[in-house]
Amino acid sequence: MTGDDWGALVERLGFASIDHLRPLTQGHQEVIFAPGKTAEQLVTIAERLAARSGSFLATRIEAGHWEALQARFPLAEHNALGRTVYLPPEPEPPPTGRGTILIVTAGTGDLPVAEEAAVTARALRNTVERLTDVGVAGIHRILTQTEKLRDATVIIVVAGMEGALPSVVGGMVKCPVIAVPTSVGYGASFGGLAALLGMLNSCAAGVTVVNIDNGFGAAAAASRINHT
Amino acid sequence: MTGDDWGALVERLGFASIDHLRPLTQGHQEVIFAPGKTAEQLVTIAERLAARSGSFLATRIEAGHWEALQARFPLAEHNALGRTVYLPPEPEPPPTGRGTILIVTAGTGDLPVAEEAAVTARALRNTVERLTDVGVAGIHRILTQTEKLRDATVIIVVAGMEGALPSVVGGMVKCPVIAVPTSVGYGASFGGLAALLGMLNSCAAGVTVVNIDNGFGAAAAASRINHT
Amino acid sequence: MTGDDWGALVERLGFASIDHLRPLTQGHQEVIFAPGKTAEQLVTIAERLAARSGSFLATRIEAGHWEALQARFPLAEHNALGRTVYLPPEPEPPPTGRGTILIVTAGTGDLPVAEEAAVTARALRNTVERLTDVGVAGIHRILTQTEKLRDATVIIVVAGMEGALPSVVGGMVKCPVIAVPTSVGYGASFGGLAALLGMLNSCAAGVTVVNIDNGFGAAAAASRINHT
Amino acid sequence: MTGDDWGALVERLGFASIDHLRPLTQGHQEVIFAPGKTAEQLVTIAERLAARSGSFLATRIEAGHWEALQARFPLAEHNALGRTVYLPPEPEPPPTGRGTILIVTAGTGDLPVAEEAAVTARALRNTVERLTDVGVAGIHRILTQTEKLRDATVIIVVAGMEGALPSVVGGMVKCPVIAVPTSVGYGASFGGLAALLGMLNSCAAGVTVVNIDNGFGAAAAASRINHT
Amino acid sequence: MTGDDWGALVERLGFASIDHLRPLTQGHQEVIFAPGKTAEQLVTIAERLAARSGSFLATRIEAGHWEALQARFPLAEHNALGRTVYLPPEPEPPPTGRGTILIVTAGTGDLPVAEEAAVTARALRNTVERLTDVGVAGIHRILTQTEKLRDATVIIVVAGMEGALPSVVGGMVKCPVIAVPTSVGYGASFGGLAALLGMLNSCAAGVTVVNIDNGFGAAAAASRINHT
Amino acid sequence: MTGDDWGALVERLGFASIDHLRPLTQGHQEVIFAPGKTAEQLVTIAERLAARSGSFLATRIEAGHWEALQARFPLAEHNALGRTVYLPPEPEPPPTGRGTILIVTAGTGDLPVAEEAAVTARALRNTVERLTDVGVAGIHRILTQTEKLRDATVIIVVAGMEGALPSVVGGMVKCPVIAVPTSVGYGASFGGLAALLGMLNSCAAGVTVVNIDNGFGAAAAASRINHT
Amino acid sequence: MTGDDWGALVERLGFASIDHLRPLTQGHQEVIFAPGKTAEQLVTIAERLAARSGSFLATRIEAGHWEALQARFPLAEHNALGRTVYLPPEPEPPPTGRGTILIVTAGTGDLPVAEEAAVTARALRNTVERLTDVGVAGIHRILTQTEKLRDATVIIVVAGMEGALPSVVGGMVKCPVIAVPTSVGYGASFGGLAALLGMLNSCAAGVTVVNIDNGFGAAAAASRINHT
Amino acid sequence: MTGDDWGALVERLGFASIDHLRPLTQGHQEVIFAPGKTAEQLVTIAERLAARSGSFLATRIEAGHWEALQARFPLAEHNALGRTVYLPPEPEPPPTGRGTILIVTAGTGDLPVAEEAAVTARALRNTVERLTDVGVAGIHRILTQTEKLRDATVIIVVAGMEGALPSVVGGMVKCPVIAVPTSVGYGASFGGLAALLGMLNSCAAGVTVVNIDNGFGAAAAASRINHT
């Protein structure tokens, strides 16, 4: 492919560009990162994506975004906890990933990030399972779930505070574990830094880490693993 | 399996314990982290592991370690750059991983970490390829390697300084990318912090990160992906 | 020039001083940094500057600033995205800089800082070009713009998140590159720190850096280069 | 007690003062912190303490310290791993603490700090038990030790890297848990900062924390608890 | 107890789980951490806890929480300063702790954290005393309280700014001292970091530390000490 | 130019690659960054570069480097203070830069970084001037040098400790100012961080910054400016 | 003085204590730090102080504070910029300090902190002079003020951004210089950290530093110097 | 004085400049900061200073410095603990400062910094007193010294670890207090950062702070106060 071909695949809207080359290079179309965009801009981008693929996903939506998207796309689905809007293709095709992405959370406060990951993983055509509120301070909660953990193809572990759960999970399974630190906590959690450092220093082999609160990124990585 | 069974699988040496349960839970035996161990301790642990499996891997070896291991295990192999000693099984079995782990480095200074990853990936029974010195300041160097990048099942990208290479690679392929920040740099690299933060904030989806200089961890994660 | 002469060139308004020596020492009059100033103070300072030169530039304007300036200076121009108000001389003189300042942005969120730079560069009498949304995760976007990059006399690269774009651009051109980290990002971007450290550690020679979100400073430095 | 009385209880040696008021206020005599002291100074202070109580404890001893103390106090005991020298009273009196202080370590590298704590706890007249190499990446290792954990009056948990073990232990017992982060780790462990932050953010109630590598301080606090 | 037994003791509400195993492992039922919960969720969780034990404690309550809890539990008590709601058992049983928990504050701004600790300590069935506004800049204020300090079984010291008070108190008593840094301060207090570091580096033996503003955690640890 | 052409211009030595495309894209050949290289490797790379251009420059040389290079290149020049080895072309061609690069230092400790910059600027074919020991604590020292400052085309200001000198110089001239923070200082200089932050926050417009101790980078940027 | 005497001098209001010992130990009565206090509490404390001395000073007042104090103390004076309320004694006594405290500011944004210092210094009975907007980027502004600088007994220098002004002033005078970093700036100023570090690393001897934005503390220290 | 006059007062040695203007502007000649200087350079600078004034002071001397200075200046005095060499004028003139500078240390490890301060203060012609080993963990040690504290004109307080002593001293006296944080400590002292932050956040009014381990700077500031 030449530079000219490349250029033709980038749709320039003035306030943003849409990279239609991405399905070729990355395996899926762009996901809309909503912060800072007006409702009108969001709708316009969603229209362009939907025109090509019949689908779009917007993450981190802000006040007024859902109402505007709902008016234009009555079939779009809003995940309030995860702050996503997803328009599934009609009909929604079956998952293409090989196995199951399991999303594990340490506490209630980690659910928004986990839901962002879950919706993203679905939009990228994966089967998703959830396991919630199994933090390490009551270690029996995760130990009774060994079977569910071992059935997964890849596991996303979402945790704030000390971020210890990925180390425990990483030691219980053979599959890849993606750790997502969250900003849940206060004081010396420093906005998720404590959990981030904990996960980077995990004594369990096979754990990799994404940015704080980055449910989308964890799901994108998990989907790549599940599609390889 | 009961707690008693578990206990029976932990071999206690006084100065360390060997967890023989790991092949069951994690898919491979323990890897020896050499720092702080005496040559004698290292040899003893290596003997116990070799007695069970005919093989061992030691990482981050220090002065005197190689000589002691070589004397006891004449068939062991020393990777001086990667600071590893590996005793392959005799005969060495074929790889069990599904595809190829490609290890990409930005600069010459990143090679030790890349070699640690390469030896680890081989010991965990993966096919390994290397692509060196393709940092982003001469962007043509990576662009001419598109085919090699696309043939990989999982890519490990090792980079210091600003740590930008994983973002470029992540945007060129569909497979999972594991980023390893290195402590290569000076001044405001703060021992690899700049590269670590850069990789965590990568604008490319599908990139996950391990600790600074953690070639072993990147290979362990890549091997999990390659064996799933 | 004596200390008394110096004193005569400083106009004291009580709430601020205007340094009319600056056109002599720095080549251009003071630019108004608006934060914390009342609309009345802003108008007063603008009046004094306009009285001398027929022109003024205010950056980082806040709520109410534009309305007050517009009422007093009907010919002033408001760049809402860049948060600037500029009164061009009447008629606007041609640029005095030798060549073109090219302002490159990685993503949509970097546009406000880029616009602040663009308006500043124009007010300092430079020819300005823009190149937007060419972040490294889709590396083909910047590669197809080689000619535009090579036509510039100096390039300002504005990027948040991992801040990798200046390294790529710096490796593609011979001219000076000024990198502006932005606070675009979340979590471990730590308000632009990740991008700042990335740029300071750039593996490309010839890249220099300004403060986070400092579009004004980048343009002032670029204008000095363009006028030397 | 008056200020004069106070003054009489401070023995001034020129290079240091010995606070003989401490047994009254704190329940035990001063412990010698050896770093930076010459062997001669160390012996002198030890002589003054031994003259009053028949005993002394020195922590963090450096090269040459042990040889000098051994020559002067043939009955003194050297814990090479814990870097302590202890002269027990003759005969050594029975423990005065109510129960048992259990010292738990996550990995082999944490043993020096644990030994410093163990010797200190003994010198402060406590019964001490140890439980080693039970880090969370092989969670079965700690789970099989429930009984030992529940028999303790107070537990000291020593861990580096991500510092997750105190959270797990804190959730398994009713007694106080003192967490000691260690500088074991590399890269983003930042000299024990990761473990420290993890422990401060522990999701388990009842966990308190001391300084990095501060085995002495943990034992002093545990002894206070055991003597209350 | 088996994994199935464990499972039966976790009550799953959809938005949260209640761990009824905790009274067995930890000695008391869960305390509700209110932030981020809706008033309805808070009331539901409080109902489940009250149904089992006739009591509940919620900390860090937010706007609307008190009104909802008051309507449902007319006998609940609101501590506005400490941001807690506590429903005592009817009749309230006598304390079970062996002695007195003394809560000491350095300044007026530290009172909210101290009150959170006081209510928690009472709910965990301890006798509580308070000593307020005795910061080190007027050292006579703490010195005149020696007797009160020496009567305590365990002391919680709450301080912001430089966090020096625990060192002084730790040197005056034999009992355990738990230090709570607060976010009181500005500038280089960095949200309580200065006080936290000060307390971790205390030159007084026997001082342990909890997270910034963590009055609940300090009381939980003190109660464990008081019940051992 | 095609990808194949690009490939042909990269000379692969096994332990390193030499990018002969750089004179085309960047205007000069690669400069050798010596740390971590053996004397033999250094000589080999120098030979390849000298074979093409009759010249080479190595920075940050370490023990043994100079002796090895001197033996092979008798005409090479060693700058012991700046830790560089430079082989000038024979005969050395006249400078190609338009004007003069002035290198200003605040204190004696900043000289090594300044010399690295001076040699680099010469190798990149610029006229270089120096102005030393003119730190702001004796402000008269810089004020008496106004003429020299105003004669420069671009100024490099090298300073450690509080890094204030670039702000003063930036306010005295119209030309571009490149600030180089150095690691000179102790305590709260944090290895040059204080100077770096000071320079990034300079209140003088037109100042840009490079990494701590990066004399090479400052000269490369200055040379680009001087050649534009 | 005995402990009982001490106790009698502390007036306990329930929500706060007033330490009437301070005029004896420190030379002046307490100053009210207003943040977090209700208007009623503020008035009550002011009444107690005014009852003893006929005067009070409150710093960092918040919304509603001034109105409440004005209603109760019609003669109180409000400094809106400095956020202080001061009730001078009637009649106001002459200064007791030996000389003049000169308060120097770098930029307009530093004025609030300077005004807090000025009002505090007056309340502590010092003669106060001001010198404003003399930042180092226009170095002639401070150089023309040499005489005013040399007439002062002690100088307070208030500066944000890079905080370079105290170094220049410290080099021009023989008297003590107290540096106050302010939070004026953005990006890598990190809330005043850049200025703070700059001032701590000042290359001028005789400069000491207080907390970020701490105008009160600088004035208290300057007053001590002026009264010694 | 003109710029030419200024120039005549700067003696340029090639490797350093000596600013003979300083006695006029600052009240005393330059003090030699020895690190990084060769013994020969040190002797040369000392000779130039001694030639003018009959005296010199060198701080932070390194290996070989003392021997070289002693050979050249037999009357010079070496303070090994404080790492200074001082040649007093012959005969040594009486102090010119108004009162006494009292230097207070918290612990034995703080003595080197205190001695650097003591020698500097003497060289700047002040009367110096010392008070050692009075840290806050044994608060009676400082309380019995009230009279000595109150006799001082200015107090320098040197402390590491949590740095709490200046707050206590600041609350006991009316005179200025200069706090010097030291790098004494380990773990979360982060090289003196904990003490530095503690001192900056002191709740005692009238405390100012210098850089970590900066005994020279504290004495220079104290001498200015004592000479005003």
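By written order: A, B, C, D, E, F, G and H. Residues from 1 in each chain.
Keep this in mind: a contact is a pair of C-beta atoms (placed from the backbone, for glycine too) under 8 Å apart; a residue touches a chain by one contact, two chains touch by 3 or more.
What you see is a predicted model; the values in this text were computed from it and never measured.
Visitor: Repeat of G-H among F-G, B-C or A-B, where over half of the residue-numbered contact pairs coincide, is which pair?
Guide: A-B
Visitor: Farthest from chain H by Cα centre, which chain is it? Let me know.
Guide: Farthest by centroid: A.
Visitor: Report the inter-chain centroid distance for chain D and chain E in whole angstrom, where each centroid is the mean of the CA atoms.
Guide: For chain D versus chain E, the centre distance works out to 27 Å.
Visitor: Taking the mean of the C-alpha atoms as each chain's centre, how many Å separate chain A from chain C?
Guide: 36
Visitor: Centroid from C-alpha atoms only, then distance chain A to chain D, rounded to Å. What do you get?
Guide: 45
Visitor: What residues in chain D touch two or more of the other chains?
Guide: 25, 138, 143, 171-172, 187-189, 193, 196, 200-201, 205, 211
Visitor: All pairs of touching chains, please: list them by chain label.
Guide: Every touching chain pair, ordered by label, is A-B, A-C, A-D, A-E, B-C, B-D, B-F, C-F, C-G, D-E, D-H, E-G, E-H, F-G, F-H, G-H.
Visitor: Taking the touch rule as given, give the residues of chain H at its contact with chain G in the complex, in rising order.
Guide: 25-27, 31, 98-99, 153-154, 171-178, 196, 200-201, 205-212, 216-218, 220-221, 223-225, 227-228
Visitor: Show me the residue ranges of chain F that touch chain G in the complex, using the header's touch definition.
Guide: 106-107, 135-139, 143, 161-164, 167-168, 170-172, 185, 187-190, 193-195, 197-205
Visitor: Flag every residue of chain H that touches chain D in the complex, lowest number first.
Guide: On the chain H side, the touching residues are 108-109, 111, 132-133, 138, 140-141, 143-144, 186-189.
Visitor: Note which residues of chain B are touching chain D in the complex, please.
Guide: 3-4, 6-7, 10, 12, 15-17, 19, 21-22, 25, 35-37, 181, 183, 191-193, 196, 211-214
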